[in-house]
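In the part that follows, the structures are each spelled out as structure tokens.
Two complexes, one shared chain (chain A), two partners (chain B, chain C).
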Partner chain A sequence: MVLPVIKVEDKIIDDGLDKGMEKLTQDRIENVIDQVMSGETGARLKAYVETCVHCGLCSDACHAYLSRDRDPKFSPAGKVKRTMSVILKKGGKVTPAFIRDASEIASTECNACKRCAMYCPFGIDPAYIMLVVRRICHLCGVTPLYIQDTAHSHAVTQNQMWVKEDEWIDTLQWQEEDAREEMPNLRIPLDKEGADFMYSVIGPEPKFLAGLIYQAAYIFNVAGLNWTMPSFPGWDNSDMAMYTGDNEIMGRNKRFHFEAAQRLKVKRIVMGECGHAFRSVYDMGNRWLSWAMPPVPMVHAIEFYYELLTTGKIKVKEKYKKSVTLHDPCNVVRGRGLHEKARYVINELCEDFREMHPNREHNYCCNAGGGVINCGPPFKNKRVANNRVKAKQCADTGAEILITPCHNCHSGMEDIVLGYKLDMHVKFISDIMYEVMEKPEIG
Partner chain B sequence: MDDFNSLYNFVSGPLVWVAFIVFICGSIYRIYRLFSLVNKKEKFIYTIMSFKYSLRSIIHWIIPFASLNWRKHPVMTVTTFLFHIGLVIMPLFLGAHVILFNDAWGISWWTLPDGLADTVTLIVITCCVVFLLRRLVLREVKYVTTPSDFVLLAIAAAPFITGFFADQQYCNYRFWLILHILSGEIVLVAIPFTRLSHMLYAVFTRAYIGSEFGNIRHARDW
Partner chain C sequence: MVDSVNWDWTTGEKLVSDINEWKASYNWVEEPYASPDGEKVAAIVNTDEAEFNVCENGKAWEIEAPFEKAWCLRFSPDGRLTVIASMDSAWTVVADGEPWEESYDFVWDMRFSEDGKTIAAAAQQEGEYMMVKDGVPWENSFGFITCMALSPGGENTAATVQTVPLGQAEVFKFQKGCYTAAVNGDAWDKNFVNVWNMSFSPDGSKLAAEVRLNLYDYTIVVDGQPWEQTFGCVWEPIFHPEKGTVVSPVRTAEGWTIAEDGNIIWDSRFAQVWHQKISPDGNKLAAIVATEFGRWTVAVDGKAWGVTFGDMVTDAVFSPDSSRVACIGTENQIYKIVVDGKVWNSEFDMIWKPVFSPDSKDVIVKIEKDGKRTFALNNKIWNRMCDEVWDPVFSPDGSKILCRTVEDGKYYRRIVPVSEF
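== the complex of A and B ==
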């Protein structure tokens, strides 16, 4: 199959980057770099930059490099060369224009997907280096506009999408009402103290994808679970501040999320199908707050669906007929090893499951994650062009349905499907579970 | 001739001591500094570290073709393993070297047969040529190459080239021997102070990522 060629603009205009650059002074750059280098980073960064022998063996790991005709500037070591290596070489004396470009590279050409860490013989982690670069750019005030807006939203509203408290509650009630037509006694229990679990979602769900809350509520009600959602801030588990390098806001957000669960005295948190939110709760936000592991037990939707199916709380009426393939989201596969559970769930739900290759830990990232899709329309063509290998990989399966248990992957894969004119539809696991599960008769 | 002799005596006497002391103290300092940085700023690393997963990761990468990326790059894999094995065994097990250890401290151990030593030397030199060609030809390697990479490669190759000439005694044995000993000393001094320090750090970077993948990510890293 011949994939169409996606054209990328030579120079991308972004107000966050361009205006940020204009306001940036030399002094500020040097202070920021000094703060990050001598104050915030430590042994890992040192060991990585002092160990890398420039062998280029990490190149094949990166979908951007593979997709752009093996242009070495998109290889992991190539991106480090264009950013961190210059900062180190010049001892922090870099120009505002350099910071602008470094921000674009680190925020839109790398997904921090950590595939390259699996390919470097030393186990050097270029994703970590890119996140340090983003941190520097954030402190310099040079971050792509769209993602910066979501980080502002996190700071002001504790959710990603400027959802106001009454809008949030309204949305839940609206979904409850709708779902009651299908299941008259269905409840979305708000603020129920001592429930077995708190269900948390990402900001875009109430904003654009409220149907997913409907589906989740329906599944939980059919399974007869004791659950709740908070009516107050802390309901959003997502975290774009983590990806802009705004660690302070990341930490504050995670505190709200964990404290919501503690206030409701739930036994654990169940998260929806999102990869980056999982990373923030399980790996990064918790650690910023000095918790080695999340202070409240938590599971990702894949693990939860696995429980629902293995315990028989949800039964399948008739397996899904269409052929499906699975995109392994890096943040829950390379980030939490949920690949086998995902396969169990999909095989339970679907008749015809086809692997894409490579898969499991070796999956190619969707190129939406790591905040890249959140950098918005200016970078869309580049994002789609930089993941031609993913399009090829999906097309080769010949499947009709592409399952992505991650929100960013989902939107990113939709752009790839459209951009490369693939004959596929993108779905969440919950879409399929909702469709094929045994449903109670309406009385 | 006298000048030559006193140069030889200097290079093979005090300078060797200097080189070894710098190498050992420098290496200890580098590792100490790494750990003091961890203790100062990244203590959480200890909560991630796991002996089991460190070992799992190291084993998968220290065996040729045991990781996916080694399998993807067979030429590089064979080259780098031959090169590094040669680099470790030659200084330690070459007859001529062990004799010197014996002269200095009265200790000796098993040595490589001479014929094999020559072969290993030639193999290592060939590997260095492969590294050089990769750097000049492969686009992704060329792009990330800096001048220092050629210098490091030259530093690593020099003892083998000079040692080989000295051993063959084609011409001017003394000259090559002096060059050889100097180049060996340069390697030792360079290890703690250049990116050759990957020899000191490799085990820690692997152990860390192995632990991060095994312990936190529940995923393989090979």
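== the complex of A and C ==
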């Protein structure tokens, strides 16, 4: 299949970067870099930077490099060379214009997907280095506009989408009411202390995708589980502050999230189909707070569906007929190893599952994750152009349906499908599970 | 606090209501709640399609028309049964079947004063936000409200409010400060980038909150005035009940510690510090701390207990005489009780906040084990396993315990001598 060429603007205008750069002073840059280098990084960064021998094995791991005709500047080592290497070489004496460019590179050309880290013979993790660059840029006040706005939303509302507290509860009650037309005694129990599960979602669900909450509620009710959702802040498990480098707000978000679970005395948190949120609750946010692991066990939707199917709590009435393929989300595959459980679930639900290649932990990133899609419209063309390899990977499956158990992947893959005119539709696992599961008769 | 002296402390066992029988009368019965004195049990019930009521001891409230929706059923500390309910597409608080006179487009975050005599909630009307206390809304409303608070005595309400409107992605305007706190609807003069987790002084006359001055500097504000010192992060402030000072966890370059009115008062530094508590006599300060990455315990006056837990430590509480501290520690998802740094040998699947006896000698907790709930007193598990129990209450003399339980769907009120555990 010949894929269309996506044109990328030579110079991308972004107020967060451009106006942030205008306000930036040399003193501030040097102070920030000194603070980060002396107080926030240590042996890990030093070892990474000093160990890299520029062998280039990371290059072929990067979807951006492969998609941009093997332009070395898009290779992981190339991106480090254009950012952190310069910072270190110049002892922090870099210009505001450099910080602006470094922010664009770190925030929009790297998804922190860690595929490259898997292929590095020394175990160097360029994603970590890019996140340190983002941290520096945050402290310099130079971050892409839309993701910065999202970080502000997290800071004010503890959710990603400026969802107000009444809007959240009202949405849950609206979905509960709608679902009762299908299952009259269905409940979305709010603040039920001592429930077995707390179900948490990301901000876009109440904002744009409330039907996913309906589906989850239906699944919980049919499975007969003792569950709850919090009516108060802490319901959103997502965290774009993690990707702007605002670690303090990241930690605050995670504290709200886990303390919601502690307050409700639940035994486990089940989260919806989101990858970056999983990373924030399982790795980065909890650890910033000194919780080495999630203080309340977290279960990603893939694991939850696996449990429901293997225990027979959810049964399949008739398998999904259309051909499907699976995009393995980086954060729950390389970050958690859920690829086989995902395949079990999809094979239980679908008749015709077709692998894309490479797959599992070797799968290419969607190029939306790592906060890249949250940098918004200015970077959309670049984002789609930087993942032609993904478009080809999807097209080669010949599948009609592309399953992406991750919100950012889902949105990013929709852009890829549209941009490259692929004849496929993107779905979550829950879309299919809800469609094919055995449903109780309405009395 | 509610005075339990006049409660029935003599009747050993009382079957208050058989909840199983309620189920025959309604389409469904939601999770029950027990009154503080144990004399009543109640639940939201579905009476017909999109019709709800509250059932109390088997009897539904006599209301003019069924509620269209109802949620957040709770007993106030003084025993009033309250619920947030919708009637004619408008929301209000209903206490003992009597709705507030005013209703709103939405009502949530219902809270009570310590004595239960005051009820407050957040409300939204035509896109404007306010708090409502005992049915009376703030005179001023705002475009956004969060972090609501009610003073312990019920005198005042407060919340984080937005005073400057923000358009989409106006990040630089945001960073100039669009939020502040409002007390009884009156906003502080000064705006901040963020305002979180406010706390009233015991008499309700002062308000403290966490703030972010810009994207990077955090401090505590008291009645609109920031501390002179700023920190890399802060957590929720509390007022010292005796001195009137404000005490808060703060993050310094060396780690987390405790500051009082902006000045560091603990020599020790930790990987984390939060949920600080001041002893009833005002002489001690305890907090949940991480002594190192991934190891949690309690520190009293800056000195950490020797025992630590890998998952988390929660629900730290001082004894009434200020001499003891109890908390919950979790390791590998096994919950344990810790009192004064010593771990009970019993292991549970869940534990609720420890309760000290009035003389501070006994500690009792609500626990869950193998899907059943009961109590554990001084490391001894009660021999009655229940479907549900509520937090235990000691009699004023400490000799008896009020046990509120659901067993086989029946709600019981029991008075159990401490000696029988």
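Basically, the second predicted complex is superposed on the first by the 443 of 443 C-alpha atoms of A that agree within 3 Å, B and C clash if a C-alpha of one lies under 4 Å from a C-alpha of the other, contacts with A are read in each partner's own complex, and residues count from 1 in each chain.
By definition in this document, a contact is a pair of C-beta atoms (placed from the backbone, for glycine too) under 8 Å apart; a residue touches a chain by one contact, two chains touch by 3 or more.
Please read all numbers here as calculations on a predicted model, not as lab measurements.
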item	value
Contacts of A:Leu418 with chain B and chain C, given as first, second, both or neither	neither
Partner chain in contact with A:Tyr48 - chain B first, chain C second, else both or neither	first
Which of chain B and chain C A:Val333 touches, first, second, both or neither	first
Touching partner for A:Ala292 - first (chain B), second (chain C), both, neither	both
Touched partner set for A:Asp60, first chain B, second chain C, both or neither	first
Chain B versus chain C as contact partner of A:Ala117, first or second or both or neither	first
Contacts of A:Met1 with chain B and chain C, given as first, second, both or neither	neither
Chain B versus chain C as contact partner of A:Val156, first or second or both or neither	second
Set of chain A residues, in rising order, touched by both chain B and chain C	287, 290, 292
Touch list for chain A against partner chain B, complex	40-44, 46-48, 50-57, 59-61, 65, 70, 72-73, 75, 77-78, 81, 117-125, 283, 287, 290, 292, 333-337, 361-362
Residue numbers on chain A that touch chain C, as the complex places them	15-16, 19, 39, 138-139, 141, 145-146, 148-149, 152, 155-157, 164-166, 169-170, 173, 177, 180, 184-185, 187, 189-192, 194, 231-233, 246, 248, 251-252, 255, 258, 262, 265, 267, 287, 289-293, 295-297, 376
Residues on chain B engaged by chain A in the complex (per definition of touch)	34-35, 37-38, 40-42, 44-45, 47-48, 57, 61, 67-70, 72-73, 76, 80, 134, 138-146, 149, 152, 195, 197-198, 201-202, 204-206, 208-210, 213, 216-222
Partner chain A, residues of chain C touching it in the complex	27-28, 30-31, 46, 49-50, 69, 71-72, 105-106, 108-109, 122, 124, 129, 144-146, 162, 168-172, 174, 179, 193-194, 196, 212, 215-216, 218, 232-233, 253, 271-272, 274, 290, 293-294, 296, 310-312, 314, 330, 333, 349-350, 352, 368, 373, 388
